[in-house]
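Listed after this line are the structures, all set down as structure tokens.
Both complexes below contain subunit A, partnered by subunit B and then by subunit C.
And now, the complex of A and B:
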């Protein structure tokens, strides 16, 4: 490969830890040609990010390149001195990071941060740096760049921050751009806008790109070649077109299988689809009788950012209109039904679920749960209400939603003690063991603490905790958003099985339309506090009526199939 | 607009302090009355009989019911009158105005000294955790905080005055052969400089060095530890990785990016350490015969000198409020996010 810009051979990266040396990356070979785009795909812990940090030599102090060579355009990166590397970084190779808000200095104006890079690499002088920074902001399509030059990261949206990070990375027109999960955590439309922008600028400047992602669909849609990594090793290298259609290695096959995509059912995501699928039996449509949950004209408005004191409120008499986060929505949820609530961040879906869980008081409107208007009960006293035990919530982040000082068993037993009237430890233990068996949490894991459990196991603990009281309605707030696809596949199937077994209703809040299609009966699409489309989950995805829904659907990455 | 938001924030902070000050007035009044000891008996002297004590009590107004006493105390207070010390006969406000600058000068100088040593030490330790610099830093701050101030004070006096003879005798703010500079700020060093009297300046500074070192040694630990911790956190954060990946120079990364972010919690610590030092440096003032506010308060407390104790506590409370306000202002200037939420 004489034309290659980056040539990595036999790369092994080791980290010194308390438990000895850990090999994060083992004998990795890869090459990127000039103008080529390569994706590195893998789940958490696969070593994909570490590989890219090694290429830039920005591993933290415990990590080092133990073996192998990294050649970039004739420079031996693995053995280069620090001065050479500092010139290379940002000038020749640059990087776009995950979580753009944290990737920017929080107390420095974004324009100044771009200037720092320009001046460091002698792309501008102190006289014209500001003008060049504004040009760069315009180039990444930030509206009103002169004004935004003075903005701080906290004043910008996530997508906007990512554009700033891209501007930072492209400031010196490098030859290789490494994008490390650049769109994780962003909405699907923002993801599309950011990816389109990156690919366009990369092509325009004739750059090479490495895209690091956990999303095989995204990788195949935006790159020419794909490398799949597992546990620090490269397991497959293929063209983007063939990796989806014709995966060779068992791991790649599992990964392809677990990726939610059109035309598959939940069971198809699992590595072994032979298990009988309870959820595939047609569910009973209990239209007769009253719905389990009925929401009528629900409104939540938040007062505009309150000034610090009474005094200043007198000084500033013009009171702004309160912002309506949820703006008069109505829907029903039948017993045993699963309703998907879809929308981008800020559309009001989390506020809606918080009001239904009675964690927030609605401004107006009513929430009928089993015929009773629970919306009228103040959120403060609902914790002692008899109906509280019939409503449960599964949180988005399986780690942050568990008390780090509780064992799995204690965490699951918590609602029993608080709401279930259980006082004896052995009684709780029996119930915990029963539900743990149902969610597939092995017996010996019950006495572990959250940090001793994997992401998938923690998700199971969160689900078991919500299910232990056998509630009638479970609100699932993006329960799989923080999980790898293979774990997501298992958790989604678990949820479907539990629903069939226990006859619960779900309100499933998600931004992922494919997941909603597979798990839900009906779906609501929310935008700016209002419901813009409602229908069967399959219809909403396959034949969207509203322009906004169509935009959402088309923004889902389309891998070449 | 942004400035408007921030100045309003400052105004409201001041307004929030008023109830706290009112509470302090009530609590110190009650607490001083609850103290064992009778100021009238002390004032009358050991030879006095019951009748003369009662007479003195009447003179001092201590025979009136507590609410009446409180009312007259508050009325005086509102007119700026802190009362008169019964042990010295001096108005409390006057005594405080004399002694407070002495304590402030010592404390500020010590804090400056401490910060100048502790912050660079903390930064150096954070850049190479567990290196020899880090270990040396740990040793120094542990030693500093473990040795009581009266001990380090005496040790410094022994070494630098008694053995080496480098320092002047530890007898207050200025050697007897010098005259106090004309009062402007009350800080002898600054007043001497303003007066262009460099000999007096040097003499005042020489008196200041040993007690300031004593205090500084004791306060190295919280400042250095906080600098180290917040610097380690800042250096490990994601925006530093971005800065490294952009090839920014090490100096820019460490000082412009990491240090400015790490300074925010350090500013808070500095404020806390300062207020702690101001109230707690009695021992240092005693060792160096420093005519400060701490020794004044202890002496007043011993003889149940109500007016003096109340005046001292109130002065400290006002200082605390002003100090916290200053920290808030520094924070608002340093961190653009402050004042936007809330």
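And now, the complex of A and C:
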């Protein structure tokens, strides 16, 4: 056992909750050798993060290691005193967290934060700390490190913040790096850059790494070995090469199946592929006549913040040009068609969907819906418009988009009362139960509050609410971004089935090209407020024309298939 | 479940609410204590005049300034009135003043604040500046001024106490509404065809209630102190009416001569009431927060 750096045996972690003791992790065995990279893959609630917290002994006060041993290079972590652990953390084992903005102190310059770690672990003195901090910033490839030393976290992008967090984690040349979902919430190109950087630095310094992720593709692409966890247990341990090609356990098979990858259709994502694919029929023949939605030269510019302009007025500076978040885009959407809108965060795709949904007034340009320019109607009074019921939206975050004080049934019934002309409670209940059946939401869940529902169930409530009025156009704003892959597979198929059943048009906003390819007929690629590429969804992914699209496609993690 | 009648659903909801109340109380013994204490204070306010062993206004020269005994638990004052009866009876007046003042402040303040936080613009400016103006005065002195100017009566104490509490509710409601103004569920409700006013009243405002309830409870204690304070300096409630503030004021003159009970017992009652309201604040938050329901 001298070869392994970290040896976890029979680890069980328990949490005390109001409903009694919950076992988050049960009898987990794992080992990481020197210089080895291991990925722990699992969906939310699988115990993958808790396992790593137990290794660092940073479980919150309700949790405790109930059983088993954690040995880190001869130190018994489970029973070590707090002083030993304090030296171990940061010095020997360090961690990269999921949300880099939360991991950094917002009111301290990033250079200072790196110095703090260096000085705390006696890696530098006050004299050379600044120089070492700048070296570290350069090492994580932050351009102009001398200037960025004085930057505050809010001045940096998400990817940059994650680089700073990596610099912090590597400051003391630890022997084990634990990366807990280091790229969740980052764009695919940034994800690739950050992961390439982590793997390169880990190899360069001869460190070991544990990568915790929900993305099997990412795990297989960047690690040597993969452990798959489900409900607190390890279900499969395999080499990265074999986990995709030859999964052994049923759960792993399902996970591999649900991961969107080249060459598969939407139906293939489901565990049971026997169901015929209803929405397979090409829908190009319905294009003739007037399009359902036509967007012409749509522009949205945001004025710079009031305080900034006031300040610059005081300082006698010219007021900055308003930033154009959507910069003159035009496209059409035929009846019954599904159009994908792809782009990275900040490209203006959400602003576009909010304008089409009439939640936001465009600066200029027009939005024709069934031949009528609805862009000219102010967003504030659109609630009473006749077309309100025909345009609906499925939100990105199923939790944020449900009123915490409304039960699922009340949330779904709200549009019925306001726009559907329903006045009687039993009438509404019947309609709610009908749509709930269509989206696969069991009736006994209808009287629950959002916090009593799982992520997938909340997503179904959101979809049911959008569909209950049978709208003509539904904008799907990254409806699966917050969901696990297996839930995503089900929700995507549900959306395809609903379209086939109800004959709606979709505008599918997403950052995930694979998902767009599977669900959409056509795709638009947006960058910095403009459309850079347009074509059939398959063509955009398989044969991208624009350099930016090519970059996007190549940044998708390529697991060894 | 598919054909459940409205009455069954209402029954279900009530059972669920009771179950949640029981859970919230059992999980936190301090809240249970606070609720019991609050019930006790409330009980005194409701039943006090019936329970009082003596007439609180009945003077008896022969029994003046007697120390606490089995006959007079809290002793008697300089006019021979029973302090225990007076403390008990005073609860109703003090709580009435505090409750009505806080209810008025809550209704006016939270409406102003919610409108300011939701619509912004000039309504926000107007509300914020009004609040700033009120807050610029030392609040107790402002209340004194109002009562002195408007006339020395109980109803004016209520108005004055309400007015100085309005900014707290307005600011809090403004902040709570403002952070939820662009939440996903608000956009969703807008898509469902809710008008702007309905969005505010039905979707956003109920979500601000948990923190507001805490404020209400803390404020009740504060309002009692404020009313008692005004009476203590001779504004508002006038002798011979039983009121904790006046009783402390009257008793204070006798502490030097050793008759401590006249000030101590009404003071202790005041403290107990304020204490129970402050404790209740945290408990209330647990009760009204749907996140804690299972």
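Simple rule for what comes next: the second predicted complex is superposed on the first by the 546 of 561 C-alpha atoms of A that agree within 3 Å, B and C clash if a C-alpha of one lies under 4 Å from a C-alpha of the other, contacts with A are read in each partner's own complex, and residues count from 1 in each chain.
The rule is simple: a residue touches a chain if its C-beta (ideal position, glycine included) is under 8 Å from a C-beta of that chain, and two chains touch if they have at least 3 such contacts.
The structure presented is a predicted model; accordingly, all values stated were derived computationally and were not measured.
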{"item": "Clash or fit (per the criteria above) of subunit B with subunit C on subunit A", "value": "clash"}
{"item": "Partner chain(s) touched by A:302 [first = subunit B, second = subunit C, both, neither]", "value": "neither"}
{"item": "Which superposed partner A:95 touches (first subunit B, second subunit C, both, neither)", "value": "first"}
{"item": "Partner chain(s) touched by A:368 [first = subunit B, second = subunit C, both, neither]", "value": "neither"}
{"item": "Partner chain(s) touched by A:380 [first = subunit B, second = subunit C, both, neither]", "value": "second"}
{"item": "Stretch of subunit C penetrating subunit B in the combined three-chain arrangement, among 76-84, 130-138 or 238-246", "value": "130-138"}
{"item": "Subunit A-touching residues of subunit B, taken from the complex the two chains share", "value": "5, 8-9, 11-12, 15-16, 236-239, 241-250, 252, 256-257, 260-261, 334-337, 339-342"}
{"item": "Subunit A residues touching subunit C - in the complex, by the definition given at the top", "value": "18-19, 357, 359, 380, 383-384, 388-389, 391-393, 395-397, 400-406, 411, 414-415, 418-419, 425, 429, 433, 443-444, 447, 449, 451-452, 462, 465-466"}
{"item": "Contact set on subunit C toward subunit A in their complex", "value": "1-2, 6, 12, 23, 27, 183-185, 187-196, 203, 206-207, 290-291, 293-294"}
{"item": "Residues of subunit A defined as touching subunit B within the complex", "value": "56, 58, 60, 85-91, 94-95, 97, 99, 102-108, 116-117, 120-121, 152, 154-155, 165, 168-169, 171, 305-309, 311-312, 315"}
